[in-house]
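The structures considered in this document are given below.
Here come two complexes built around subunit A, the first alongside subunit B, the second alongside subunit C.
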Partner chain A sequence: MCLALPVRVVELKGGDMAVVDLGGVRKEISLALVDGVTAGDYVILHVGYALTRLDPAEAERTLATFAAAGIDAPASA
Partner chain B sequence: MSVEGVVHLSARLVAGRLAGVRVGSDRPLVAQRLLAGRTPDEALRLIPSLYSVCGKSQAVVAAAALDAALGEAAGPAIQRRRERELAAETLAEHAFRLLLDWPKLCGAAGDVALLTRIRSLLSSGPVSEASWGAARDALVGIAEARLLGAELDPWLEQFSASEWLDWARSGRTDCGRTIATLSSLPEWASVETPPLTLPPHSVFVEQLARPALANPGFAARPEMAGLPAECGPLARCVAHPAVRDLSRRDRITARAFSRIAEFGLVLRDDSVAGRLEAAPLGPGAGAAIAEMARGLLLHAVRLEGGRIADYAIVAPTEWNFHPEGALYRELEGRPARTAREARRALDFAAATLDPCVALDARLEEPETVHA
Partner chain C sequence: MKYIDEFRDGALARSLGAAITREAAPGRRYGFMEFCGGHTHAIARYGVTDLLPGNVRMIHGPGCPVCVLPVGRVDMAIEIARRPGVILATYGDTMRVPASGRLSLLKAKAQGADVRMVYSTQDAVRLAEENPGREVVMFAIGFETTTPPTALAIKQAEAKGLANFLVFCNHVLTPSAISHILESPEVRELGTVPIDGFIGPAHVSTIIGSRPYEFFAEEYQKPVVIAGFEPLDVMQAILMLVRQVNEGRAEVENEFTRAVTREGNQKAQALVAEVFELRREFEWRGLGAVPYSALRLKDKYAAFDAERRYGLVDRQVADHKACECGAILRGVKQPADCKLFGTACTPENPLGSCMVSSEGACAAHYTYGRFRDFSRKSAAGGATP
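Moving on to the complex of A and B:
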């Protein structure tokens, strides 16, 4: 039941890899399980793999919901 | 509070056995905080976006619980659609463990391409009975060719642990090799945790749903009749003769095999996984319970003036990672000849119980004994 934290893709790398921004910390993740991700998109992560691609508006709404409930969402907006 | 929770596990190796096992979780249980004050429609729009690995199951169980609270009952077609969604997500999660998480834990690469293909079949499969049948047929082919290296039905019809263990150790498929590694620790019959599967209606209402709504602490540390219980694939498959045989010998091994057995049983529509029930709990209150990938998922809700006043979610991770529950019992006293073997026991026991968040497992130095 882990909460779905949207994280922003800041850079695409070769071999289905990408870099996301987790509250200022950059982390390399795999995009092998999702199609069509570009820099600036948000994804939902699980154990280093992007599970779902979100459009930025949807991601912002989710982040705002977490923030309003007092839950820190460390991804940069 | 952080959005990312972690299950913490620690133990020491003392005189050839694991001791001082501690299981804890700081997973945020925030359903009340996120949903109170919203209308049922707002909650239903929000819930699928809140949960990452089980969003469809959460959405389906929420919809059934809110139906019950509103005094509505879903018709058979909606019920069936919801159960297909639960079964599909169960298969997708099992595939994730079998093809990616567990191989990586065992030092192999995993098979991302095959996992992607399976997830794709399952994402559109539940839409109709026809598409669900087609997806299951395709998945039976994949299971036979890629996971088992054998026909599904004869594989499922094994009666003893030794036949399945021989299959895994034969190395016929990557999946078999992974399960062989997970089954490679010295056998140990741990103290059994009572299995919990979809309970009778009165138990669901009186011992799970009402306590979940009345007691905010229940969701963090759920118990059945005052005791921890184990839910999930092993609990659901324990009537299978080979699973029962394995569970008497070693429950880490039994849980590993239960995952792949249940993958096949769901494809054959021969599993309680995917079942969903709902019940009203009095005026404006209702609950729903389902068998999803990791075990029992319960939602209970009370409405006031058309808005959510109380909302509780009790998820499988809280049953199986209870401080005195299945993981604790699996490990406390378990023999381990070396620190490496002890460390593997921690990792394999947790992975086969499958927390829905990250695991922080530590093998601590034995305490110095002073004279």
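Moving on to the complex of A and C:
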């Protein structure tokens, strides 16, 4: 029920609607909850609506944190 | 798929597990509650607990919208669906939730009620447009993630002048449920459910932001780490919680920065505030009546409110006697503690709500982890108490 997925916006349509790519499947969703989305952006899709935009730079930063956790010594004693 | 696969990498998961093992102090136990069913599902599906040391325990919380729907509200939905001329539109997950008298929406449908599964509230509005002679009632359930889509549907119906679109509102709020758990007698009683910190919701937080958790990190002195729903997100959040506990901190941290900000989605918040207001209290399955924990339609939108239009009154109905969902939702018991687990109660034939949705603790445990607990128990038994 709470499952939501990152999807790529392929094309903007009128009336707050957009076509997204969901692992090869195209689907029409609503962008009514998020302003300023453009084609190529990633959004989090839930029950037919984009909940928010996904920030690619933050995603990279988080992945770098995962990689560092395996190498770093404990942060403090 | 991009932004999914990278967050499921097995080698990284093992190195995060090693980091948690290294940093968790051997002499102490850590109990963390994942509030959301989405996290419960990820933990069970990817075997996250297998990568944790025996002294780090995950406790499942009540954050599964289907699981917390009380029997009485499902009974009311069935009553609505059986009204002549009504089409009840619902998300698929609610279809098999057990109601009174061995009923469910699925069975009511088989008996002739017009219940339609929809993917989105937009589909429900469309149904109302296509069936002008019928009343279409959206069985609206869920946390802060599904509330804005319901608000939008109401606004849309208003704009289109659809007098035959109604909402049966069951939207509930996350922060009040977390406070309620921390104040419940079982949890307060020291030692019963040692919760040292919370993994905060992923998608709920995209809407409400990280700010609402600051109050209770402060008030209850419990760390909160907001995390995405992929297994590496959960592992990283556990590591961050271990560090907070070790350092004696109780702060709100955000692991899910790729989608969650402190302020959240303000457009969605404004929309919800315009359409909905707080209920004085609302019954949660397993938690009882929780003050100010749910929403209803404002007077301005009364015309769209199924409860008002049909004069429905709340009713309280007890759960199946042997069902332990209540204790499980508060983290006091585990699925395997229930006598009915895997025997009388299975995902195909659920007796309690925790067995219905794949995010429910019992269903997740049944599907992915039935035998894992045995090895966990012996591992925990070997650790220093």
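Heads up, the rule we're going with is that the second predicted complex is superposed on the first by the 50 of 77 C-alpha atoms of A that agree within 3 Å, B and C clash if a C-alpha of one lies under 4 Å from a C-alpha of the other, contacts with A are read in each partner's own complex, and residues count from 1 in each chain.
Criterion: a contact is a pair of C-beta atoms (placed from the backbone, for glycine too) under 8 Å apart; a residue touches a chain by one contact, two chains touch by 3 or more.
The structure displayed is predicted, hence computed values, not measured ones.
Chemist: Touch check for A:Leu45: first (subunit B), second (subunit C), both, or neither?
Modeler: A:Leu45: touches subunit B, not subunit C.
Chemist: Between subunit B and subunit C, whom does A:Ala32 touch in the aligned arrangement: first, second, both, or neither?
Modeler: both
Chemist: Is A:Asp55 touching anything from subunit B or subunit C once the two structures are fitted on A? First, second, both or neither.
Modeler: It touches subunit C, and subunit B stays clear.
Chemist: On the superposed three-chain arrangement, identify whether subunit B or subunit C touches more subunit A residues.
Modeler: If we count touched residues of subunit A for both partners, the winner is C.
Chemist: Which partner does A:Val10 contact after superposing on A: first (subunit B), second (subunit C), both, neither?
Modeler: Neither partner.
Chemist: Who does A:Ala64 touch here: subunit B (first), subunit C (second), both, or neither?
Modeler: After superposing on A, A:Ala64 lies clear of both subunit B and subunit C.
Chemist: Quick check on my understanding: which residues of subunit A belong to both its subunit B contact set and its subunit C contact set?
Modeler: 1-5, 30, 32-33, 44, 46-47, 49, 51-52, 58, 61-62, 65-66, 69-72, 74
Chemist: Write out the stretch or stretches of subunit A touching subunit B in their complex.
Modeler: Residue list for subunit A touching subunit B: 1-5, 30, 32-33, 44-47, 49, 51-52, 58, 61-62, 65-66, 69-74.
Chemist: Residue numbers of subunit B touching subunit A in their complex, please.
Modeler: Residues 1-5, 27-28, 30, 33-34, 46, 49-55, 58, 100-101, 112-113, 115-116, 119, 297, 313, 315, 317, 356-358.
Chemist: Under the definition above, what is the set of subunit C residues touching subunit A in their complex?
Modeler: 1-4, 6-7, 9, 12, 15-16, 18-19, 22-23, 36-38, 63-66, 91, 93, 119-123, 141-143, 145-146, 148-149, 152, 202-204, 206-207, 229, 232-233, 235-236, 239, 243, 246-247, 255-260, 265, 267-268, 271, 357, 359
Chemist: Could you pull out which subunit A residues touch subunit C in their complex?
Modeler: 1-6, 8, 22-23, 30, 32-35, 42, 44, 46-49, 51-56, 58-59, 61-63, 65-67, 69-72, 74-76
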